[in-house]
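What follows is a set of structures for review.
In the two assemblies presented below, subunit A is common to both, partnered first by subunit B and then by subunit C.
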Partner chain A sequence: MYSNIILPRQWSRIACFCRLSTIEGQKLPQSGKSSDGISPPPRIPRGPTDILQALAATVGPDPTAAHYKYHDDPYLIPLSNYRKRAYALSAEAGRKAAAWIRDEHASLFNTREWDPPSKLKTPYYNADPIIDAFEPKPIYNEESKVTEEDLKYTINNALLDDSIKIFQLLGGIENISEETKLALLQFLCFYNEKEPDSMEWLEERWFSANVRERQLATWKLGGLADKIFASIEPKTPEAYCAVIQGMAKHYQAERAHALSQEAIEKGIPLSTEVFNSLLACVGFLREGTALRAEALKGLLTQMGEQGLSPNEETLTACLRSISSWGGGKMLQELALQVVAEFKQLGIQPGLSAYYYLLCLFCKERGPRIDILSGILVDLENRENLDAKEPTDTNFFITAMGVCSDHLQDINMAERVHALLMKGDNYKLVGDAYKESIYYRHLVTVACRHAPFERTTELLDTLVPNVYVPEPSVMEEIIKTLEVAGAGERLAQAWSQLVVFGIAKRVRLVERLLSAMSSTYEYQTEEVKGKMRDAAADILKFGKIAENEQNAKDLRTPVQKLSANAVSNIVELCSDVKDTADANWDAVSEGIQRLKQSDATGVPSRPQALADVALRAATAGKLGIAASAVQYLAECGFEEAVPASIQALGAVLNRPQEEVETLLEKQRADLTKAVHPSALALVDAYYLAKTGAPAREADSSTSSDSDSESSSDDE
Partner chain B sequence: MNNSLIKIAQPLLSIQGQLASWSAVTSQIHTSAALCRVVSGKYRITKKRDRPLTYEMANPPHYIAHRKTWNSWNTSNLKDGLRRSETAVEDEFIRRFMTGTWHGLMCSEVIIKRQFNHIRVAAIVRRAVSPTKMYFLLGYTEELLANWLQCPVTLELQTVDSFQDVVFKYI
Partner chain C sequence: MSVFIKHYRPCGLVSGFNNKIWRYNSTTADVATSKNEEDEEFRVLDILKKRDRQQRRVARRADVQPDRADRMAVDQNWGNVWPGPKSFHPSSVPLPLRQGYVPRGQAPPGKKANAELMKIPNFLHLTPPVIKAQCEALKPFCTEWPKLLNSEEAIEKHYPVEIISSDYCHASPSIRNPLARIVTLRIKLSTLNLDKHAKDKFIRLVGDRYDRETDLVTITADRCPVKKQNLDYVNYLLTACYHESWNVEEWEKDKTEDDMEYYDWDKNASKKSLVNWYLRTKNENRELTDEEYVAFDISEIPNGEEYKNAVSNYLNDGESEVTVKNYAKSVRKLLGLPEAKVVT
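Entry: the complex of A and B
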């Protein structure tokens, strides 16, 4: 019964195979028409991942979602720079732990889970089919029995330390073939006998602190590479090429040049790549721009004599040398000359070449030279930008830096950004460090020079999933919001500060508060409410942070808000009509803080506090009004006197003159005339007037006032 | 006795190639007791009615494909499906590995979905550990399972505050 079904299936498979083989065998017409009018399109050869790439190309980047390396769950989505880094690296640490277990306990991984033990074919590894990516990595130690095959394996997989160990186990230079010796020499020269960062750990590479490569001679003199080179007899062109390139790459310029001269004298042909690497370090040979330029030209002519045609890397190498010699008219002209000459040869500058040109022309303190627009026109016309050299990733960050600091042109910045977003050019952004600097430049230039709508649009797409602003950029954003008077966004900015983990930066919070208070009066009632809530929250956050500090005894103490900022909070929060509003608590809390000198300095606008006192008095919050005026009086501000009079007027519901005449009276009389809770205001008035509290000032005349007022309190 | 069984089995093994095409027939035979239809996959009501059930547990097996779905998604059990027993053993291994590695965090059944050579493992976990630790476990589980099962494994987790959030009813 079942065989009936199986048979046709096999037949169809065979038929399918036949059909395929005929397709492979016959010559397909390129654009011919068959007799029945159907013309199949010519066959396009596809790679194994072409379909996947085509599918991926249909999905654009989604700025509203976190990067796909993060788990799509509210609890696991990072919102600050610190968390982005921590989460991605923890996941990778987990992977590393698993890889360690796999390598250390390879015996646990040598059968398939579902197989009975009798199926174990070899004691090592029984995967079927064997997939290289899941194979346990071989571990070599002193007892391993190694062959030349192992050496070749380690060289092909860039395992440098292992390859050196195997080389020693094999018994050194004498015991390996010339071919492997050369391969090992090339390998050692490329990495300068230093284990390269593994390609397996992407996040580590992405987040590794990218220190700018210092141009120091790091080549290991008399190292293994040198020894192997010395042992190769007769010296082949490949050996020379490898060792010269290695030395030039690691800035051992003089020896590299000496060796190249030696090779040329011996009549050994050198490759274009060797000359490229020599051109890149030609500046180390001479001092002074003129001599260096001379040497550069000399090398190029030597290259011509050898019959070598230059390529794109030659241009990059020349420009790299030129740009590293400093600036100045002469070098700039030389660079343009070089570029023009290469263009005549039909060689277009790549991204690295443009990067070095930008470095050379757009100095921070120099005349504004707009070479970027020309570069952009060229790059925009290209089909796609390929990464060819490691320095290619420097182009976009430098171009954006030029837009922001040098040209200060938002249109140019947007063009650069559009270019980066085109196709899969985003791979050229480099690493996490470069990416954040790129966006820092972009957001800064947008804040300073773009119309407000475009800035907010940009911010809405970028923040927080693509980019989380650093404190300096956040300050820039707050400034822009202040200028545009966007109160709602300022209120949002506070919650962003909290989420991004930079809410403890006092300078930033103060900047935000002053922006809020200066834009407050132009807002609608609804927005005003949001701003008040934000201000009250700032105060609360500060208190929580302080409690945390006391509880944990942190090493870096929490900075305190300045009196200015606190008075801003008080001013914002006091603008409520409703006496039951929760914001009054924030006001009294703020004034308490001011009075206990928990805030540094004194407020620069005492009038704001005077207004607060009046508002509080009108709302019937006498305690708050009194303490505000008292604080003003204690600080010795002139505003204390009119403020106390106004507040009293509001409390007693009398015109100002009447209050003034009332205050002329002795305090003892006042205690009878005025409600006890308003007495505090009177006290503040005297304090401001005489510099001493009223009670002490006239204690001689009214010794019974103390007892009386205290009885009133009861 | 075991030895004799093997001796009987050995001549059978030699014709294993021919038998392979008949495996579809042999897998039709069920040997489990008929009682299972009544009790398996169902939970007994407790005296105090305080046994918490998730939605998945609250629906007995006959509601599969009506009110709830399968815990394993694969094509092995379809007609002419490949790797039946292997898939079953692998799935059990994944489930045990998950509950052991995410110890005390699992709040639901482990759902295993297979597409091509890709295994997706979905579950609901508690937010009892910090996100950083969770990411560590994520990377660790994915890498280790990928090495055991020799194919890419992806975890698709969702988090809840506590086990209470997934309780559907008490019986």
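Entry: the complex of A and C
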């Protein structure tokens, strides 16, 4: 029960020995040092968590470990995006279930039932001090007796549905005080009468796919907020501020502006925040850039007339409006003008302001404008970046997108990344969706423009614990690996494909195979072996997937590898000297698959298969050689003839000319002269030469059986 | 998929494991066929369910990644990998550890699936570099040590009172622990400013809270519910005892020689006889009062001091070989007798 027992020794000092009762040391000197060399110096003031934070700052990131919300165990570390999401949300589902039980059976947690006789129940909390967040949440329904205190509680804890219910139970507008009415109005306006996502469920917020917010007028006209506002008499400035901000926030721009004009006419003072929200939706009032810009300036001057000084949010709101009106020279100039003017007032643009500037200047199909470097210089000089607005989390993903698509500059990307990793700036990455897009941009730009060593270093730290590449990024990575000729990493890439759950993407696998076959010849023997194993495994994996499809009767059919890919596998696997090597099985299976037209299309490099036939013949795998040549002949490739001659030459250990003269003879003569398994090669030769098998229709079956018997021989 | 697995676990352990699985499958298949044959002849009562247990299949996942210990860089910062206390986990610790009892001549079991390693508390989170880094991080919160308190003696001299209390930290909804209220105060009696009488009285007041051997007075308080209250209480007790011991009550004067808790040679018959004997050896025949006896300066008697000490020790410390011998020696010296010859 008691994990740590600490025995502090406190020394209380005795001033003079004869008088014990006055213990000195309570009167502390004010200098940093001990005043007389004996009494303790004054305590350095610190917050309750300062020590913990100082200790936590000594721990850096560990690239080999998964996020700490997952179990540190090979069986439980998620390696694909799907698993990451599933594991984290499962854990949260457990927490939610526990919270549900706590709320449903609250009496089990906050009352104590005494033993008979009277079955007395008394309130009891086992927690000391009581932690409000862990207490059962009250449940309100039609029967519950509520007071205004309950309403205040729900408003303070952002329980919107409950607060509306209590409001109704209390009997509507008449029965609550003005103060609570205002609080409720502000609450309703902020959330637009929609229950907000709970702050308690971090994983749900992290993984919820935040689609970009649509700019639609979602304000509930004639809703409860409007009714409460109408009932407030006389209308206070706070009520006006709340309603105007709520309308502006939910894009009811015209009414918001009308109300603001009304308030100004009545001489009701409005706050800076009201003007900020009006500025953010000023574009909805007018059409056309020039008129909108004019309206924006008009609002700003109105603000000045009211005697309000702008703040950082004002700048952000202006830039937000400007950036949402499209692009163009004029708007860009306007934006710069606004920023310059605010800088004169001593207001530095925040992350959101920079985000809108990037949106405005770095259009996908626009001219390349490098405003990011200036922004980075400014941000790098700041002590720490604080999140002030929800849009602040858009900055890093946009900046990285600009580095990747617009500037295509790896140095800039690395600067952005360094800034994100500085201090605790990583909290500005947003959510899982934004994080993965951020890393997609980073990895893409690194693959395209960074030196290979830096790319691999980056990949090693990011993949798979921080970021799991999507198929498109994986393709980019494979391309980079191919250019660099990194065979070992290509072989590794296959296992990564499997682990990341994207091994069934045929396009990706084909890309990988062609990369492997084009880099194969430059590798060392050891790496070659690994690549062969990977290639054989690809074939096996496809087979398993097919079996699974047949067994489970899946809706989406498993795509088949193309003939090109299969011939790549065959080519890779056949490069073995040892006749007993397991890879020969993969070769024969690959050729079998080609012959049964289990693969789409025909190979683009028939010479590769011809080489395979020769190698197989040299290794004594006559069946494989025969079926390879036969496949070539069936497909009508010219390479079939020389291939069959070469293979026969290798089998019979004779020079080519001799083989050619031998093949001139009748087949019947050959049957006696040549080993039956070699006959299949001869058949293939005739097939290629004449377009028809030399023997009758049964030849194909016999050749099949021949090949089987030959493989049995070995 | 086996290739893939092998690739992922380069140690070769898995391939061996794989073989075992294959063998295992084939044996179970044999068992199944033989079972069919048996069924026709005779049904066996299988109490221990050996057969079922054998046939249970082990579901194994194929896409398990290798230990992350294999991927760790040699120059990594270990503090980042193992930042806090936790039970041992083989896949995160890149050390070839072995632990467990085995018969002689065998190697102890390796780190995987080793309960022995998980049972013992480890200190992997407190490696010397980590301790150094944490100390550096905590330095800004520390004040300078007072310069004159540079030795244990100085500390004891300037801060004689020692307060001992415990704080408890445990995983439970409540942070309270009833044992945290107990406060103990310790002080060396010699550091208190007491005269002979006050010291005697103080010792009598504190009773068994005083340890004669270490000279420590230990006062423990646990009667109040909160630590602060108990702390105030022990301070009060010490103060009260101190001042009380300085008080001299009227009745204390009634204390007679019989009430003395120790032997005071000056007030006893031994001194009287010595003085009388001394006077007689000088041929003076005086009658002395009790006060004169007490005030008599024995330093003029040769070897008188030694005799006094020997007698006091003999009576105060109890009879032992040393005290008896000392007594004998001092008596011989006093009377001018030769040293005792040790007969062996």
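FYI, the second predicted complex is superposed on the first by the 632 of 714 C-alpha atoms of A that agree within 3 Å, B and C clash if a C-alpha of one lies under 4 Å from a C-alpha of the other, contacts with A are read in each partner's own complex, and residues count from 1 in each chain.
Just so it is clear, a residue touches a chain if its C-beta (ideal position, glycine included) is under 8 Å from a C-beta of that chain, and two chains touch if they have at least 3 such contacts.
A quick note: this is a predicted structure, and the numbers were derived from the prediction, not measured.
Novice: Once the structures are superposed on A, label A:R43 by its partner contacts, choosing first (subunit B), second (subunit C), both or neither.
Specialist: In the superposed model, A:R43 contacts subunit C only, not subunit B.
Novice: A:Y75 contacts which: subunit B (first), subunit C (second), both, neither?
Specialist: In the superposition, A:Y75 touches subunit B and subunit C alike.
Novice: Counting residues of subunit A touched by each partner, does subunit B or subunit C come out ahead?
Specialist: Larger number of subunit A residues touched: C.
Novice: Taking the superposition as given, does A:I101 touch the first partner, subunit B, the second, subunit C, both, or neither?
Specialist: First partner only, subunit B.
Novice: Is A:A127 touching anything from subunit B or subunit C once the two structures are fitted on A? First, second, both or neither.
Specialist: A:A127 contacts both subunit B and subunit C.
Novice: Between subunit B (first) and subunit C (second), which, if any, makes contact with A:F541: first, second, both or neither?
Specialist: In the superposition, A:F541 touches subunit C alone.
Novice: Taking the superposition on A as described, I'd like to know which of subunit B and subunit C A:E92 touches: first, second, both or neither.
Specialist: first
Novice: Using the superposition on chain A as set up above, list the residues of subunit A that contact both subunit B and subunit C.
Specialist: Correct list for subunit A: 2-3, 6, 73-75, 127, 131, 134.
Novice: Show me the residue ranges of subunit A that touch subunit B in the complex, using the header's touch definition.
Specialist: 2-3, 6, 71, 73-76, 78, 83, 86-88, 90-99, 101-102, 109, 112-114, 127, 131, 134
Novice: Subunit C touches which residues of subunit A in the complex?
Specialist: Listed in rising order, the residues are 1-14, 17-18, 20-21, 23, 32-34, 36-44, 46, 50-51, 54-55, 57-62, 64-65, 72-75, 77, 79, 126-129, 131, 134, 491-492, 494-495, 498-499, 530, 533-534, 536-537, 540-541, 544.
Novice: Give the list of subunit C residues in touch with subunit A in this complex.
Specialist: 1, 3-4, 6-8, 61, 63-68, 71-72, 76-77, 79-81, 83, 89, 91-92, 130, 133-134, 136-138, 140-149, 155, 158-177, 191-193, 235, 238-239, 242
Novice: Which bits of subunit B are touching subunit A when the two form their complex?
Specialist: 21-22, 24-25, 85-86, 89-90, 93, 127, 131-144, 146-150, 155, 157-159
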